[in-house]
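Working notes, structure below.
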Amino acid sequence: MDFHILFQQLVNGLTLGSVYGLIAVGYTMVYGIIGMINFAHGDIYMISAYLAAIFMALLFSFGLDSVPLVIVCTLMITMAITAVYGWSIEHVAYRPLRNSTRLAPLISAIGVSLILQNYAQISQGAGTQSVPTLIEGALRFGDDNAFFQITYMQMMIIAVSAVSMGALTFLIQRTAYGRKCRATQQDRTMASILGINTDFTISSVFVIGAIMAAIAGMLVTLTYGSFDFYVGFIVGIKAFTAAVLGGIGSLPGAMLGGLILGLSESLFSGFINTDYKDVFAFSILVLVMIFKPSGLLGKPLVEKV
Amino acid sequence: MISKQFKRLAVSAAVAASLSAGIASAETIKIGVAGPHTGAYANFGVQLWQGATLAAEKINSNGGIDGKQIELVKGDDACEPKQALAVANRMVEVDGVAGVVGHFCSSSTLPASEIYEDAGVVMVTPGSTNPAVTDRGLSVVLRNTGRDDQQGIVAAEYIVNDLNAKRVAVIHDKDTYGQGLADAMKAHLNKIGTKEVLYEGLTRGEKDFNALVTKIKAADADVIYFGGLHSEAGPLVRQLREQGVDGTFFSGDGIVSEDLMPAAGGGKNVDGIMMTFGRDPRTFDEGKQVVAEFRAKGFEPEGYTLYAYSTVQAIAQGIDGADTTDGEKVAEWLKAHSAKTIMGERKWDAKGDLTRSDYAVYRWNQDGSYAKAN
Amino acid sequence: MSHTEQYNFSKTALRGLRDAAFAGVIALIVFGPMNGLILDGYGLDFHLDRPFLMAGIVALGRFLLTLSGCLPAVRQLRERLMDFSHRGVTVEQPGDSQVRWKVLILLTIITGLCAPFLVSKYWLTILILALIYVLLGLGLNIVVGFAGLLDLGFVAFYAVGAYVIALGAQYWGLGFWTAIPVAAVLAALAGCILAFPVLRMHGDYLAIVTLGFGEIIRLVLNNWLDFTGGPNGVRAPSPTLFGLEFTRKAKEGGIPFHEYFGLEYSSFYKYLLIYLVLFVIVVALTLFVHRLRNMPMGRAWEALRENEIACRSLGINHVTVKLSAFMMGAMTAGIGGVFFASYQGFVNPTSFTFFESALILAIVVLGGMGSIVGVIIAAFVFTLVPEMLREFADYRVLVFGVVMVLMMIWRPRGLLQIRRKAFKRPRPVYTRPGEAQPLHAASAGQSL
């Protein structure tokens, strides 16, 4: 086997996995705190891709020509507006269903997903949208005939994912806010009796999920350069699978699940068959679920008898 | 809006009672435009609709078909077979169309055409190139575009004879159109003695093809042939170039869109992309004025716009010539005669395919335009 | 009195204005970039008027919503709409309302049988589609509604049924009538295969695994080109009636239906046959499922849904109970698949995406999980509404999504409330020794 090909596929898988992981965080946190599968999360990611492209174009048209500045500004604005999306969707479509059946928010989320997709299509047009390549170049290892490379964008994806995951873990594990989150997750009634504003906490979790999705949306838009209103669906399903694989409700689990999914996809596709890579990915999910029914890092459900 | 619906319902119920799928209205002739007006391929729907609208306006301002005005009906199938069936039934039963421009995706055209056959409504597709569309012996189905097997042959010949490629990677998008085209190309490639080094399918709607690209790189291909649409071709080209694969990217008529260049990452990546496409409809002398009109409206008549225009003209002339809206007679007339459209004279054989295949190989330039390759 | 009312009103109006302004600002942020700045290649087109217009609409709507809260009539309406939204299953005393129900059922059946002669062929095809969704809804209702097992890959069994008839006809000459039982058995088998590994799982993990299973089936159907025809799909045969075909021209020496009876050709007859057979099956299945609910198996499903652990400690074998629910549901979906394939005349994998599963789930949830009548109504709503919305053209899917969200907010427990007949033990009959009396009889109320 050519090792440069293997390394290249590992790099590909790692990049893809980081993206899945970032989006999976949104699923896992929302599930953790209110036990709801937020099917519209993938579409939030899609919206953020549009927002990133729009603001990049806007900043360039204002005559800003420093690429790093544009990227940082766009990232900030995209994160802020996507957060507003997350907040308002929670407020309008999920909060009225807070004390309802378990499935009602799920159906509502499917509705929201349809709305977002169609909204993007109507307002921005159905065609594929693109952004120019801003950061080019790559680190190459090996000689000219047998090399593997990691582009600067791929490095950025991996680095930013690592940093934001670290920051998020710190936020949840070490701060007062994180304690409130975890308390709400454990027992909402108890938390509210202890004076925690659970409505606010739940809202904030949606906002955090949206921000992570925005980071992913921005990075992916920059890397692959093109998107349409449908990208959220496929990536959403994969990220969701990643969240479950790692144990839904667990932050490191989401990242681990994402990486496993990304790596398995790219290795299977690279060395066996591209057609069946998704079949392979879902088979891994089913197998893991059979032997570890609550995911790799998920806490097993305690059965009270 | 609802009451209109019920009125229509009542009318169509009355029509159904007599069990004649006849055309109710005498004042106007309705022509359906069926295609992906929403969904992932909606930009093709826009092209069809723009082309058909202008054609209908033109014909109407010249007195319509035998004094009757054309009324266009939009049918949205989103390129899903299930919806295509509903649309076809609705067009036939509720709207009572006399002809259909469409459908666009082959996977929609295949089931829908059976409905039109049953109802005796002529259907001329401006975009479905899958051979099965006309190979099933349906009497009302015509195709105002080429066939994938013709396209595949042209591509394979060019790859072997002009590009002198030894190592060809064949990629498709696992869809009726894309895979059909890739298979047709592969079949002819094998026939003339070249074996492909790689044959793989990617998933429509995804954007990350890096794993596949690395595989192509490992296969050391001179030519990467892609059967699919521009929405996947763009990112694929971009990632190929990013990973330093410099083989020629070769594709079919599904990538003809102004969206390709930005999606592929700009001019330097599209430069040198090859594709097979029918003669650029914008180059016909008959259509010069129409192209200018489109541009004056701020719409570039790319891709299938003029195909749709020409299809409306053909249906109108068929109805006029056969002097009836009976689909079988219209189709018969069109097959026996020919239609003078903005894309020149269109002639059909007994199966409903165009008699002359005008596929040629084009090469994209850095500015996003494409010109015939020598 | 009126003074305080006025005071309240002005206070509400003030609050309404504040809320409206807030909603407007949020709407401006949300809609601003997406509607005001339209991407065009690498550049932008500016349409700044649009977001302001939309924000204005949102603010106005918010304001009117707050104001309308002051009107007693609106408040009453709202309370009525939300009436039972926070209550779960009610358990009724076994009563006697049989006569009314029987009349209603009879009327429904008669209407159903007459319907195809009253509507156009177009609406007949829509009705067929609606009935197929009724079947799917009933099937998923057993799994989700009765047994409480969230299945997001239900479409897999539907696909199995559809491909059984299409591939069966292609490779083994399977006809429409034989395909129905074959598909039912094979789909049930698929349900069984899926159920075994997932029996250990709970709630949402189960959901994901079934989702994965559904995707695997679809992907295999799409990729296995040599056998399934891949994305090109397979043609499915139309039904025949005692060997009479419903085609314009007969194939292989048969006689088409219309020639035999000397009628003019119309595909109406084909759809009519499909509709009538489907209708009979739906009615039979509805009654069957209804009866099943009152039998030990059905009661075990619902008991399991309410509390699995308690159930197991009462000695119910949760494995067989779950397995039976999965198999029953899958079987129903398989039959639905046969009709779908035959109706469409063609199957390909795009009909079996995850979205389809979600739609069926929405039907079950909107119907009020576990309520048979509710599921039937919801299935009609979900197939007829998108067709009626065709007038909205581009906004069709958007409006559909909004309808879904609104229905969930107003009716989170579905259109109909689940009622459940209590189980009443038959009063012990004292018999003189030697005189044998049957001990069963009337164990369960048997009305819908």
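Per-chain residue numbering starts at 1, and chain names A, B and C are given in the order in which the chains are listed.
Criterion: a contact is a pair of C-beta atoms (placed from the backbone, for glycine too) under 8 Å apart; a residue touches a chain by one contact, two chains touch by 3 or more.
Everything numeric here is computed off the predicted structure, so don't read it as measured data.
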Exercise. Find the chain most remote from chain A, comparing centres computed as mean CA coordinates.
Key: B
Self-check item: Chain closest to the middle, measuring from C-alpha centroids that were averaged per chain
Solution: C
Quiz item: Counting in whole Å, what is the centre-to-centre distance of chain A and chain B, each centre being its mean C-alpha position?
Solution: 36
Quiz item: Distance from the CA centroid of chain A to that of chain C, rounded to the nearest Å?
Solution: 30
Quiz item: Of all the residues in chain A, which ones touch at least 2 other chains?
Solution: 118, 125, 129-132, 275, 278
Quiz item: What are the residue numbers in chain B that touch two or more other chains?
Solution: 38, 174, 201, 262
Exercise. Specify, in ascending order, the residues of chain C that touch 2 or more different other chains.
Key: 41-42, 223, 394, 397
Quiz item: How about chain C: which of its residues touch chain B in the complex?
Solution: 41-42, 118-123, 125-126, 129, 222-223, 225, 230-233, 248, 264, 266-268, 344-346, 348, 350-351, 387-388, 390-391, 393-394, 396-397
Quiz item: Which residues, counting only chain C, touch chain A once they are in their complex?
Solution: 26, 29-30, 33-35, 37-39, 41-44, 50, 85-86, 144, 150, 197-198, 200-205, 207-209, 211-213, 215-216, 219-220, 223, 309, 313, 354, 358, 361-362, 365-366, 369, 394-395, 397-398, 400-405, 408-409, 412-413
Self-check item: Residue numbers on chain A that touch chain B, as the complex places them
Solution: 2, 5, 8-9, 12-13, 15-16, 19, 118, 121, 125-133, 138, 147, 149, 151, 220, 224-231, 233-234, 265-267, 269-270, 273-275, 277-278
Quiz item: Which chain A residues qualify as touching chain C in the complex?
Solution: 31, 35, 37, 39, 47, 50-51, 53-55, 57-58, 61, 81, 84-85, 88, 92-93, 96-97, 99-108, 110-115, 117-120, 122-125, 129-132, 237, 240-241, 244, 248, 275-276, 278-279, 282-283, 285-286, 289-290, 293-295, 301, 303-305
Quiz prompt | Residue numbers on chain B that touch chain A, as the complex places them | solution = 38-43, 45-46, 174, 200-203, 205-208, 210-212, 214-215, 217-218, 230-231, 234-235, 238-239, 242-244, 257, 259, 262-263, 265-266
